[in-house]
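Look for subunit A in each of the two complexes below; its partner is subunit B in the first and subunit C in the second.
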Partner chain A sequence: MNELQLLTWARGPGLDIAVGIFVLGVLWRLIEIYTLGRKKDLAAPRRAAGASGLHTVFRRSLAPPGMLKRSPVSYIGGYTFHIGLAIIVFLGAPHILLISNLTGLSWPALPAQLIDLVAVVTMAAMLVMLFDRITKPAKRFLSTFEDWFTWTVTFLPVLTGWLAVQHLLLPYTTMLALHILSAEILLIVLPFTKLFHAFTLFGSRWYNGSANARKGVPV
Partner chain B sequence: MQGPLIDTLARQGVSRRTFLKYCATLASMMALPPAAGRAMAEAMAAARRPSVIWLPFQECTGCTESFTRSHSPTLEGMIFDMISLDYQETLMAAAGHQAEEARHTAMRDNAGKYLLIVDGSIPLGVDGAYSCIGGRSNVDLLQEAAAGAAAVIAVGTCAAYGGIPKANPNPTGAVSVSDIVKDKPIVNIPGCPPIPVVMTGVLAHYLTFGSLPELDDKGRPKAFFGETIHDRCYRRPFYDQGKFAKTFDDEGARRGWCLFELGCKGPVTYNACATVKWNGGTSWPVESGHGCLGCSEPDFWDAGGFYKALSVPADPLGFTAAAAMVGAGAGVAGGFANRAKKSTAKKTHEPVTLDDLEVPK
Partner chain C sequence: MSASLNKVTQTLKEVIDAPIASYFESCVHCGLCAEACLFYTETGDPKYTPIHKVEPLRRVYEQEYTLLGRLMKMVGLSKPITDDELEQWQELVYDSCTMCGRCSLVCPVGNDIVYMIRKFREGMAVSGHVPDGIRSATRRTVEIGGPMGLKWPAVANVLKHAEENTGLTIPVDKEGADYLVLLSSMEIVNYPEYIEALAKVFHKAGISFTLASDAFEATNAGIQIGASDIARVIVSRIVDAAERLKVKYVLSPECGHAYMAIRWEGPNLIGRPYGFKVVHVLELLDQLRQEGLLKMKDTFKDPLILHDPCQIVRRGGVLQAPDALIRQVAENYIPIADQQKWNWCCGGGGGASAIHTEEAEALRARAFGVKKRQIEAAGVGTVVTFCANCRITMEEALDHYEMNTKLIGLTELLAEHLED
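Right after this comes the complex of A and B.
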């Protein structure tokens, strides 16, 4: 198999398998999670101003007072790489083309150089966060295999994409094939690891927020 | 044709100056040092004229057309003056037994020294019966001719990689020259058709230095196949700016924006079209408004469609609907299982009493 065949496989059967597993996993887990239900709260609701699911969805995105100072790497690094990933995935021209091909939805792209810069910043932020996780004893103690693994599968698509665009390490065709394959691994892994927070994040915040609201606690 | 090449060229109206300029251009195109141009001119003018046997196999004659009809009939066409073309079915006057005789004579008289040029793929299906010349299969002819060759030049994507005949499902069992010939140096000059100057460059290199030029991992001369179409494309700035033609006749297409979204394979295609161009530097596919097909890459025919961008699926997704049903089914089944578990837990639940908490004395 030469590199063009590898690329064609990655764009063809590989993508088909990856998207299939992704859709299967996402639907499976979302339906299972949301059909779990919770016990009815029999206590009388005690609503307080500013306490609601919607408030919590936004409030949890902000650092609680003092926390930004206590762990700046987690907050700033976390923000940087999450926003960076979103920009690369949703505003890079080839990515929009893929989304448009799969869903029919399309929007304008950012210039390639800007995406390039964002990719470098994203990778830097992810590396700093990894370093922080390794060097901070508490973080390292709390880290399991899944944490290291999900960091890797998230980092690889950014790295290979950037290397492909920059023509580094391997010929463009090979690197592009590896980039698409790494993104496919991410798609396959996403529904079954902590990366599923991309789907459950706002739902669980809403749930916690509304539960707290019933108890009259604006968190 | 007799006498040194320079005399022949002079008869065709090519001055010595033009010839020297051409050799200098050729040398610089192949990234050789400036002195190589002069060396090339001297070597080619003196023209040792190696014997060349050109075997056409499963092909469309487009490669021969490309060389013989290249821009000025005297310069690229010079390749036919630089060499003693002892067998070329399309161009030779002889036919039938006389043609076969010419081939045998050339092979016998220049054993171990002649250059073998092959265009077309070699079918292996049904014992090679899909393509025969004079009652003999292509694979048989190739093995015989390659045995006494100094080197083999595979011209065109068919000879280099199997090309269009090898396209899925490959009904004739077509393979490339390098699949058959294992013990001779092989230069691949892919393209559908290949660029004439690449052929001239390889021959000039061979005549001047007595060796073949440096090749990449796919057997192509690095000097011409070292960079992608995309990297040398004059439309590249539009790619970087995110300006793409969406259809072949929209505003973007008229403004000459990037053809990536229309399926251009420039980013994964190594060839010299963007710099050398075609028809004497007149234009080339992308300049004429059509994306690159990737014709100098192996299996370009099966690389997911000419009009599909590289970042979109090569095939329509087939599993998604089924996967969605299975996923939803698994979710619902999981939900029921969880509910059943919950109600069982509820039923078997035994409230804790004070007695349970007392430590037995």
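Right after this comes the complex of A and C.
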């Protein structure tokens, strides 16, 4: 298989397989988790302004009082790479084209140079977060193979995408094929690792927020 | 797997619900919960990271409820929980967790970690890996009536003294009263002033109240140890007495875990809503204040800070009353940076104060470091709080650090300055 055949496979059957596993995986996992249900709270509720599941879904995106100072790297690094990834995936022209081909939906893209810059910043933030995971006692203590693995599968698509656009290291076609393959690995892995927090964090925040809202505590 | 481990796994399987599953799936190992936990911030030991304290529960979840986990279990690739492991986790789940719930407020993905700890304790209680101190407090509550082994004659004696000191009657087993007053053993034994304070306030406001000779103890060691069946027995005593005496309200004492038990866990333990309302004593006092029935004859002058007990404020939802009440009586009240729902625990909640091993006591003293800094930064000689357990925990710590700080209960402080 030469690089063109590899690219063709990655764009065709490879993508179909990856998207298929991703969609079915996400559905399966959501059902697996949320059909477990929960018991009704029988205690008479108290009401308070600003306390609800929905409030918490939004409020938890901000650093709680004092926490930014305690763990600046986690927050600043975390915001940077999450926002960076979102910009690249949803506002990069080739990615919008891909989404448009899959779903028919389309929207304006950001200029390629800007996406380039965002990719560099995102990779820098991810490297800082990796360094933080290695050096910060609590983070390092919690880390398992999965943490290093998911970091890698998230980093690779950004790196290969940037290298392809910059025409660095390998011929464009090869690098593009690697970029698409690495993104496919990310899609396949996402539902079955901690990357699935991209979906469950809304449910978690909502559960926490609504349980505490019954007690009248905005959390 | 041994029979008892089987039972533990079964119990843990039963407590896992959609929120717990969602929480485990959401954790990205960011470690931010550690920064909210006083046992981590004061020791720097990463094993005290809150989410790590429920790791055996996570493994049961993974192995029993996820497709991949079940596959791994089938081919023998997963690590089942062991007795040794639970033994090791006892310290993490009891000694170094006061169920203060501060971690649940900071987790960026929204995990309610204290909820998970509470559920995990159900399994720990079944496995028998429970600190002796909490175990015996629980046994005494079930067999005798209270965690300190206090019986009614002793309580009656304290009430008699309170009547003599105040010149007021304290009704017992009086049907049709508005309020059924609950106490905590700690108050009866160490701070009987609370009872006098309450009698004064009730008489002043013209509210009828009663105590129940068969349900005076509000604390619930069953909840602290994590045994719902025992917790249910203890709560039922209060519910039965309240319904027999046909009261409109049950008044929770200052004690934090008592409030959590009777107000929030109780209806879920007995499986039905109450026919009466549960009111925390500070909620009642604040209501009287708003109605103009809580007038002060003078104010307390010494500079002071307020210690908000976790189970009443952060986890109980009594958010506004304490601040309003302290401003009513104190002239030099100094608000601290981390207050109300952000307050730091005294270090002795969740049953921890009942654990008297050398290690647990040393750990509690270290965990008090954050409170010590709050007191020193504010430069005050007085701390006011409203939980008998916080108070005793802080008294021990103040002794340990040879600090000259005075501790006062809020209800008692209000009563002292109440208009005659």
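Heads up, the rule we're going with is that the second predicted complex is superposed on the first by the 219 of 219 C-alpha atoms of A that agree within 3 Å, B and C clash if a C-alpha of one lies under 4 Å from a C-alpha of the other, contacts with A are read in each partner's own complex, and residues count from 1 in each chain.
Quick note on the criterion: contacts are C-beta pairs under 8 Å (C-beta built on N, C-alpha and C of every residue); 3 or more make two chains touch, one makes a residue touch a chain.
None of the values given here were measured: they were computed from a predicted structure.
> Can A:K136 be said to touch subunit B (first), subunit C (second), both, or neither?
second
> For A:P72, using the defined touch cut-off, is the partner it touches subunit B, subunit C, both, or neither? Pick first, second, both or neither.
neither
> In the superposed arrangement, does A:G50 touch subunit B (first), subunit C (second), both or neither?
neither
> Given the touch rule stated above, what does A:H197 touch, subunit B (first), subunit C (second), both, or neither?
Second partner only.
> A:L36 contacts which: subunit B (first), subunit C (second), both, neither?
both
> Please indicate which partner A:P94 is in contact with in the superposed arrangement: first for subunit B, second for subunit C, both, or neither.
Touch partner of A:P94: subunit B, not subunit C.
> Between subunit B (first) and subunit C (second), which does A:Q113 come into contact with in this model arrangement: first, second, both, or neither?
In the superposition, A:Q113 touches subunit B alone.
> In the three-chain superposition, say which chain, subunit B or subunit C, touches more residues of subunit A.
Answer, by number of touched residues of subunit A: C.
> Between subunit B (first) and subunit C (second), which does A:V26 come into contact with in this model arrangement: first, second, both, or neither?
It touches subunit B, and subunit C stays clear.
> Under the contact definition given at the top, report the residues of subunit A touching subunit B in one complex and subunit C in the other.
Correct list for subunit A: 28-29, 32, 35-37.
> For subunit A, which residues count as touching subunit B in their complex?
Checking each residue of subunit A against subunit B gives 2, 4-5, 7-8, 11-13, 15-17, 19-21, 23-32, 35-37, 93-95, 97-98, 101-102, 108-113, 167, 172-173, 176.
> Which part of subunit A faces subunit C closely enough to touch in the complex?
Answer in residue numbers: 28-29, 32-39, 41-44, 46, 48, 56-57, 60-61, 64-67, 70-71, 74, 78, 133, 136-144, 147, 192, 194, 196-197, 200-201, 203-209, 211-212, 215-217, 219.
> Spell out the part of subunit C that touches subunit A in their complex, as residue ranges.
16-23, 25-32, 34-36, 40, 44, 46-47, 49, 51-52, 65-68, 104-112, 115, 263-268, 271-274, 277-278, 314-317, 319, 337-338, 341-342
> Residues of subunit B touching subunit A in their complex?
Contacts found on subunit B: 218, 228, 230-231, 239-242, 244, 260-261, 267-268, 294, 297-300, 302-304, 309-315, 317-320, 322-324, 326-328, 330-332, 334-335, 338-339.
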